[in-house]
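Here come two complexes built around subunit A, the first alongside subunit B, the second alongside subunit C.
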Partner chain A sequence: MTDSPARPRPAAPKRRRSLRLGPLTLLWRTRPLLVALCVFAVLVVAFVRALLSFDDYPMGSADVVRTLVGGGDSGETFVLFTLRMPRALTAALVGAALGLAGAIMQSLTRNPLASPDTLGVTWGASVGAIAVIILGGSTGQVSGLVSRLGVPVGALVGGVLVSMVVFGLAWSSGLESTRLLLVGVAASLFCSNLVYWAMSWTQVQEASRAQTWLTGSMHAADWDRVGPAALALAVLLPLSLAAAHALRALTLGDDSARGLGVRVERARLLLLLIATLLACVAVSAAGPITFVALAAPQIALRLCKLAQPPLVTSALLGSALTLAADQIAAGLFTVSLPVGVFTAVLGAPYLMYLIVRRHREHHL
Partner chain B sequence: MTEAGASSLRRPRGPVSLLGRRRRAAGLLLLIALLSAAATLSISVGARAIPPPEAWRVLFSPDGGEASVIVRELRLPRTLLGALVGLALGVAGVLMQSHTRNPIADPSLLGVSQGAACAVVVSVFTLGVTTLSGYVWFAIAGALLSSIVVFALASGGSRGPTPVTLVLAGAAMTALLTGIISGIVLLDERSLEVFRFWRIGSLAGRPTDVLWQVLPFLLAGGVLAVANAPGMNILALGDDVATALGQRIRRVRATGVLAIALLTGAAVAAAGPIGFVGLMTPHLARAIIGPDHRWIVPYAALLGAAIVLFADVVGRVFAGSGEVEVGVVLAMVGAPVFVALIRSRRLVSL
Partner chain C sequence: MTETDHPARLLAESVTLGYGDVPVSQDLDFAVADRAVTAIIGPNGCGKSTLLRALGRLLRPNAGQVTLDGRRITAIPPRQVARTMAVLPQSPQAPPGLTVADLVARGRHPYQSWYRQWSSTDAEHVDGVLELTGLLEQAERPLERLSGGQRQRAWIAMALAQQTDLLLLDEPTTFLDLTHQIEVLDLVRALNRDHERTVVMVLHDLNLAARYAHRLVAMRDGAVVSSGAPDEVLTPDSLARVFGLECTVIPDPVSGTPLVVPIGVADRSPSR
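Right, the complex of A and B next:
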């Protein structure tokens, strides 16, 4: 799916500056770089703000800095290192992982609807997590390690299993993207109906807990969840950047990619695995946060005025969106709502605005 | 592209093409037979099984007995509703996939289902509406409103809505409404209590009023969809070619979106968001009949109706004492069938 160009561009091609390092050539594009820097600035501001004022505990910026370097009293240390820091880090890492996963999936399939939600990852993870919530909740038998790690582990297992099933079923001498998407959507619908059905059978309190998880929530953020997300991002972000050239070639179509020297099937499988793992880890840490994986890449490519979502900017945008939404979620109501409510409420109008604005530009 | 579709495109006009048309019409008759079988099963299977001959007899000459009451007052309305919902979702799925040129688009994509769901949740939360026929008006209003907003957002510029802007505006609207719904049902337990049952999608316990409430919307949507079919054939060539051929793209898209909103809104209002049929039926119909929308639309209508009725019957048979909702059955049985279909043939690209 590509947008047909509005009108032919003026003929004279712009000379692009480039950086050459041995065999590597990097194009110098000013606008995407500026956008990335701006989004990064927003991310930093949101992160600092999260550390400064996430809850009612009175801590000035001087106190926070003092506590960060190890000079705070026990209350301040607890608030900063047990409550605020893990939550902010989880939001930032999970948002980045979802944004990156969405960007890879959308580029690979050339379909703006492709995201962990449509490829079966999210709903597979949901089946695992909801099974733990509902089975564990109604028997009242879970405690200790299982209640702390049961939901994330269940989500991880469910997500990985269902994605493997989707890949296996979609494979027929290669992963053709339409087939992959259709199998993914079928798996998602299968799993989502299973979840909804299970939720209609339980007590309403458990259904409410399940709904909170399904919306994506930072309530349970702790260091146990930061660790895997940080590790996954640390390994998979460089890998995906290394594969970015192949990804860009694949968006031109399989034949062109082959002509450019890309091993098409291998590259596609590798990129899909990267995206799926990122999504699995993110969803297991905080639940399927609504809309981030779909919106971050689309907003990023519109801000940068590129044809395909830029990977790093998508990750940064996902991160900033999730952090900002989590602060609104924590601060706006007396009953704190899950972050997923606000990623959609923040992200959707902005994406709509970008769609409308682009039309205006065409109009001129 | 299926063999039949490809070969009939290559053939010149004349007696040979007439043969193709005859074969397609015969297929249509076959589907009508299938739908009748599904309807017969639907009025005879249930907690009290009534043999099909007796069911037919009491249907046309009521004798006031128990079987007669069950068939005429419970199973007939339910069967009609199921058939209409399936028909609407099948046709709306075809329109949606063609207008967005996206194989994974389903009728709920323009925010139609979530608009209906959001309106239902809001009506429970603010007005305390509790009856199914009370939700219907809210659901239809919500569905129409959200799809109008999506269409307006997607068609801001001189070129009108493109497939990409339609998809994205729809996805954004869906996410926004999902967020609002989640917020409300988490703040208000009573809304969650209603919503968690409503969203599964079921034909059970719908009073006959619901059928009459949604029927005008379904009819209007159906007429628009049939009128839209030739236009969709030309739009399938791409916006530029369609413009060059003198097609008014904006008008065709607007007609299509209105038809989708009416059909899906009415179906969702009556039975809740039944997910799978709108995605699967268009692919099934295209696999059988090829790329001509004038044929895909009626095929998808009959297939959708038959699929929903069969799923409803399966849900009644396999659940033992209670029943499994039709939405769940469709996903559990439909997903494997759909995957098998995808694997077995080359896909028709949109």
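Right, the complex of A and C next:
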């Protein structure tokens, strides 16, 4: 065996540097970082656009800036701070929560079809919220308190319960199983039918209030909804970033993760809980908005060329998507559509595309 | 052989192993020879992988205990175990698109924490391991675009990035063609010889096991039937007991280790 002297030496590897953010050190990745910055820029643009439009009130960018710093007249102040700002913030927060929830669930199950929508969490939370809206309305409770506390709590209880049932039933066959998705779809159907059944026997007034909420709407956005959502996200986002470390090991399968020193059951339960809570936060703020949690992580993954959805970018992308969808839904037709209807229309073909693709990968 | 020079660090003490209520092994004792390569052999379903999984803390014994450096393994924090012992499970799965470098980087998990998720030490070790396993040129390629042997080396590289003295490999050569089996086993041998790593692996190929392991452990029905140097374990007698197969054993013309030549029903001449 002769070793030719001209044989090129393998190129020196690119030393993988780290990215420091205060106490946090992460692996430096150029492309995902650039993508995150670009998505953030898009998000800012979408947010600014949201502050400029949504209604017919004549307010140019100069007026908006003047009102922001406190120089607007009472009409402008009302439009900006009571109508547009809460709506834009709700869309941004809800989108971020959904994108993050989807990214965690997809990493955890290693399945691009997994999301709070397909696993029943969204509809479970809806049942809880609808129950509060209908019962709270018909028993004549103080509606302000009910909508401020009751709806989020109802959504939380419903979402966590359904999440427990779905993951509990599928646990034995592993989270990557088709069984998980089947159970999730079944739970979704069950819960959505429960909602429609409940609405069919309630009074017209409650039913129509529930209906507006159900289609996923930003019309009703106000500061009472923005506050809790912002608070929840401020807690859950850092928690997700901390748990991302274990999540990376978990995507190699339970045995490998255990070999790497991860307490698999504990880490998985924590991540599931975070994702479920995020979905519940989104539902309680804006009703069930489908598609965002399903699509944002996959788009982020493809843009970044990574093997698992990047959490922060998925959240930013979810935000931008929801803001954009809300604007398009509000402005596309003469009748302003609830954003949930619009995302559902986008989501159905996308879901079908994913299913067909997955089917091909497994059978060809 | 080096096996008697050092006391065992990893021990299974009268363990009962199984999945649910179905016992696979009962009252099993096993000591891992330190700084040696041990191969566990035996027919399908004999409990080889189950034993390896218990040693690697992937399966909790129903009774008895596994100890690492004198401590009950379940009492040691998981991250500390992962810095002492690396386990490569049978046919591990990676998400599609994962690159070799990313996979190997995940081997640094036990040295990281939720706030310090990457360091220059991590980078150095990943580079070192990639070089050791000959995967520098493949570092940025996704796993699914590698050959079977390269992919298996990448997984071993991930285990090596854990910087452990002990390495447990569950059927590292399964589904590989002969060339790639040799490629992987040569790497195992180098790790043991040049880096004094203790290796325990489950292998199907008896002749390769005899060639690459210092010590063989033959199992049947969840029990260890015989153990020792390859020429003590691979005898026609014990092979008949372990596999229920008639064989003749000749010296391997290359390495001098035992070479098992099975005799099927059709091969038996009437004179025998």
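Here are some notes:
Just so we're on the same page, the second predicted complex is superposed on the first by the 242 of 364 C-alpha atoms of A that agree within 3 Å, B and C clash if a C-alpha of one lies under 4 Å from a C-alpha of the other, contacts with A are read in each partner's own complex, and residues count from 1 in each chain.
The working rule: a residue touches a chain if its C-beta (ideal position, glycine included) is under 8 Å from a C-beta of that chain, and two chains touch if they have at least 3 such contacts.
Everything numeric here is computed off the predicted structure, so don't read it as measured data.
By the touch criterion defined above, A:T30 reaches neither subunit B nor subunit C. When the two complexes are superposed, the chain touching more residues of subunit A, out of subunit B and subunit C, is B. Using the contact criterion defined above for the overlaid structures, shared-chain residue A:S74 touches neither subunit B nor subunit C, since it reaches no partner.
In the superposition on chain A, contact of A:L194 is made with subunit B only, not with subunit C.
Of the two partner chains, subunit B is the only one that A:V204 touches; subunit C does not reach it. Contacts of A:L306 after superposition: subunit C is touched, whereas subunit B is not reached. Of the two partner chains placed by the overlay, only subunit C lies in contact with A:H245; subunit B stays clear of it. Contact with subunit C, but none with subunit B, is seen for A:R17 once the two complexes are overlaid on the shared chain.
Once the two complexes are overlaid on chain A, none of the subunit A residues touched by subunit B in the first is touched by subunit C in the second.
Interface residues of subunit B facing subunit A in the complex, by the touch rule stated above, are 101-106, 109, 153-159, 162-165, 167-169, 171-173, 175-176, 178-180, 182-183, 185-187, 189, 192-193, 196-197, 199-200, 238-240, 275-276, 279, 283, 324-325, 327-328, 330-332, 334-335, 338-339, 342-343, 347, 349. Of all the residues in subunit C, the ones that touch subunit A in their complex are 53, 56-58, 77-83, 86-89, 92-99, 101-103, 105-107, 109-110, 112-120, 122-123, 126-127, 130-131, 136-137, 139-140, 142, 159, 162.
Interface of subunit A with subunit B (complex): residues 1-4, 6, 111-113, 118, 169-170, 172, 176, 178-179, 181-187, 189-190, 192-194, 196-197, 199-200, 204, 207-208, 211-212, 214-215, 290-291, 294-295, 298, 333, 335, 337-338, 340-345, 347-349, 351-352, 355-356, 358-360, 362-363. Note for the complex: subunit A touches subunit C at residues 10-11, 13-19, 23-28, 110, 241-246, 248-249, 251-253, 255-256, 258-263, 305-308.
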